[in-house]
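Per-chain numbering from 1; labels A, B, C and D assigned in written order.
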Amino acid sequence: MSAAFPAAAAAIVAAGRRMDALGWVPATAGNFSVRLDDRRLAVTVSGRHKGFLTPDDVMVVDLDGVAENPAQRSSAETLLHCGIYRRFPEAGAVLHGHSIANTVLSRAGGPSLTLAGYELLKVFPGLPTHDASVDLPVVENDQDIARMQRGLDALWDAMPEGMGAIPPGYLIRGHGSYVWAPDMPMALARMEGLEFMLRCALEERSLR
Amino acid sequence: MSAAFPAAAAAIVAAGRRMDALGWVPATAGNFSVRLDDRRLAVTVSGRHKGFLTPDDVMVVDLDGVAENPAQRSSAETLLHCGIYRRFPEAGAVLHGHSIANTVLSRAGGPSLTLAGYELLKVFPGLPTHDASVDLPVVENDQDIARMQRGLDALWDAMPEGMGAIPPGYLIRGHGSYVWAPDMPMALARMEGLEFMLRCALEERSLR
Amino acid sequence: MSAAFPAAAAAIVAAGRRMDALGWVPATAGNFSVRLDDRRLAVTVSGRHKGFLTPDDVMVVDLDGVAENPAQRSSAETLLHCGIYRRFPEAGAVLHGHSIANTVLSRAGGPSLTLAGYELLKVFPGLPTHDASVDLPVVENDQDIARMQRGLDALWDAMPEGMGAIPPGYLIRGHGSYVWAPDMPMALARMEGLEFMLRCALEERSLR
Amino acid sequence: MSAAFPAAAAAIVAAGRRMDALGWVPATAGNFSVRLDDRRLAVTVSGRHKGFLTPDDVMVVDLDGVAENPAQRSSAETLLHCGIYRRFPEAGAVLHGHSIANTVLSRAGGPSLTLAGYELLKVFPGLPTHDASVDLPVVENDQDIARMQRGLDALWDAMPEGMGAIPPGYLIRGHGSYVWAPDMPMALARMEGLEFMLRCALEERSLR
């Protein structure tokens, strides 16, 4: 799925408002993108507060993360967006946010986080039932983003193929979550569903 | 109690805004309905985000869940709404939502959840005092909705009769809550009261 | 302090919006009042959702709780408001709300709740420092409101006299909190300060 | 960095709205300032609710906290703002708020609070990576503000010099947090980043 730049920028601005209202883009955290065509994406400019974006805070890069306008600097994590669009043709929009739940749970656990039995698992493709489980990858945080993306590619290479085999999201330890979907409304729905389950999983760990 | 379609659709749209503000309709979760007359209800269309509904996201089905306009598809859980309207003549509006508290508590417990001693118990009919307790049924989640409704009917058949004997709500394990009331404002009040008590019950379980 | 009815009704409507935004008036819980003169108060009508009040949801009663317009019915807990205005000349506005923290803490404890060492203790009169403690009374819930008020009067009779000796607030077990102040903005500030400390106290009890 | 008074007042009013939406200025808590020039700052007037400020709630003091207009009284904690501007030339805006997390954690710990491994540590200057730790000072609360500031000066004197050596923030036990930055948007970003990490740290302490 692809979109024209003005529509992509509008979707990104609106996603920022929503993510901010949900508390998932503190400080200048988070970054969002929309696929424009088979070689370009619209992505947030580096360093802006994502709750107060305007279309001027959205720019164009190619699938290697190179800015169309060299005067602009895209998010430091642009290569993670590119890595998703290069590998998953069905990805039309990517969201990254920081939540209390994804930060705390990713710091407390190992290389993946299992979500099982929640009705909201149905937000993931290939899961028509709650009676299932998803192993969400948790990768180590790294300020070398290209290296982090190579690790993700290796991880995905090792997973089975086919619809739903690779979950459309992952966590970075102590950092945040990434999700993708064919378009921005669906990406937002997946983010809300994922974060809901993470919050449940976190609260389940404080029960006595 | 019954309502004309435009009023029912407006009540459903407003309920969605409120439920979203309260965090109880993540992703495309939740569904709402209003009884139109003795054989029809207005219910949400399948798959929409309930915080951003318009009247076009509301449609008409009969008490067997059959759409008046066959081009439209109502929520997968429409038969649970029908099951409530068929059995309880006093039901004029039905709300279903997903909250952290109802998900975590229903996953942690058994076939019912007892709420006792809360002032807000008075939102349930037949309870003029806080000095009471309500056993809220918790049924197993099931993607076969007709089968889930048959289970609910069997459960209700086994309960005593009379005002307040069957609580106007239940939980689905790992999934969410249903409440009903004569009209939508009262259904929203019951949902708020129920979720408040569930949140209290959840936080009480983390005290030391 | 006293106010004319239109100003009192406007203050009550605005307080409801704020209390609802803070999550402290679920369902139709909560009630608010403003003193009009030495024998009358403006108080919320029974059974309305406090987040959506209009001036028509505010009515006049005397200090015995008798409605000026007998066609109107004031909140079931009107006598608690009267009990405050009768005893404390400095009370110009009264707020009652239900929060998760005040409900859980009052259910978990004894006849009072001690708040000590918080900077926000300074919202209480007679406490110019955080280096202090307040014993907030926790009374038993009772659907006989006149009897509950007699218990409060006996409790206050047994307390020392003087500025700050009786805290301008109390909890009802499993039910909610009451605060009062010379005017509505100050009552809201005290409610926010009290609920902030209660939330802190609750979270301190889940630390390991 | 410095600003003209109208711009400073507007930034302070907007910061108040944001801090209130985030729940960090309960009652009349919190105070904010912006540096005007090398000897004056704009600061909030004492005792107002910070979520409902107007430009009239902002006044001018010098670096010793003396009001330009002697009829106005600035926040009781103005000297803490002055202490920051006097010492840190890069400080252009200062924010003080009360959060549940900063209150609970500061009450539970010792003379500093260590935050380590969070991606959001990058909101602090001199930390280009998450693979770091910050020891945030926690000073004792004191109603003698000049004395508290002398304690802070002694603390800062004992710290190493250089960019990032002294973190641009601290906690007051049982009271709240202070952060500063070159301008108000950056101060807000630091506050959001700090409070996010504090909330994570608090929730990590309730995991089992």
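The rule we apply is simple: a residue touches a chain if its C-beta (ideal position, glycine included) is under 8 Å from a C-beta of that chain, and two chains touch if they have at least 3 such contacts.
Just so it is clear, the structure is predicted and the values come from calculations on it, not from any experiment.
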Would you kindly count the fewest steps from chain B to chain D, each step being a jump to a chain that touches the current one? 2
Roughly how far apart in rotation are chain A and chain D when fitted on CA atoms, stated in degrees to the nearest 5? 90
Can we say the copies chain C and chain D touch using the same residue numbers, with more than half in common, or are the two sides different? different
At what distance in angstrom does the C-alpha mean of chain B lie from that of chain A? 32
How far is the middle of chain A from the middle of chain C, if each middle is the mean of its Cα atoms, in Å? 45
Residue list for chain D, restricted to those that touch at least two other chains: 206, 208
Quick one: do these chains touch in a line, a ring, a star, all-to-all (complete), or other? ring
What pairs of chains are touching here? A-B, A-D, B-C, C-D
In the complex, chain B touches chain C at residues 117-120, 123, 128-131, 185, 188-190, 192-193, 195-196, 199-200, 203-204, 206-208
Chain C touches which residues of chain D in the complex? 26-29, 49, 98, 100, 103-104, 107-108, 141, 143, 172, 174-176, 202, 205-206, 208
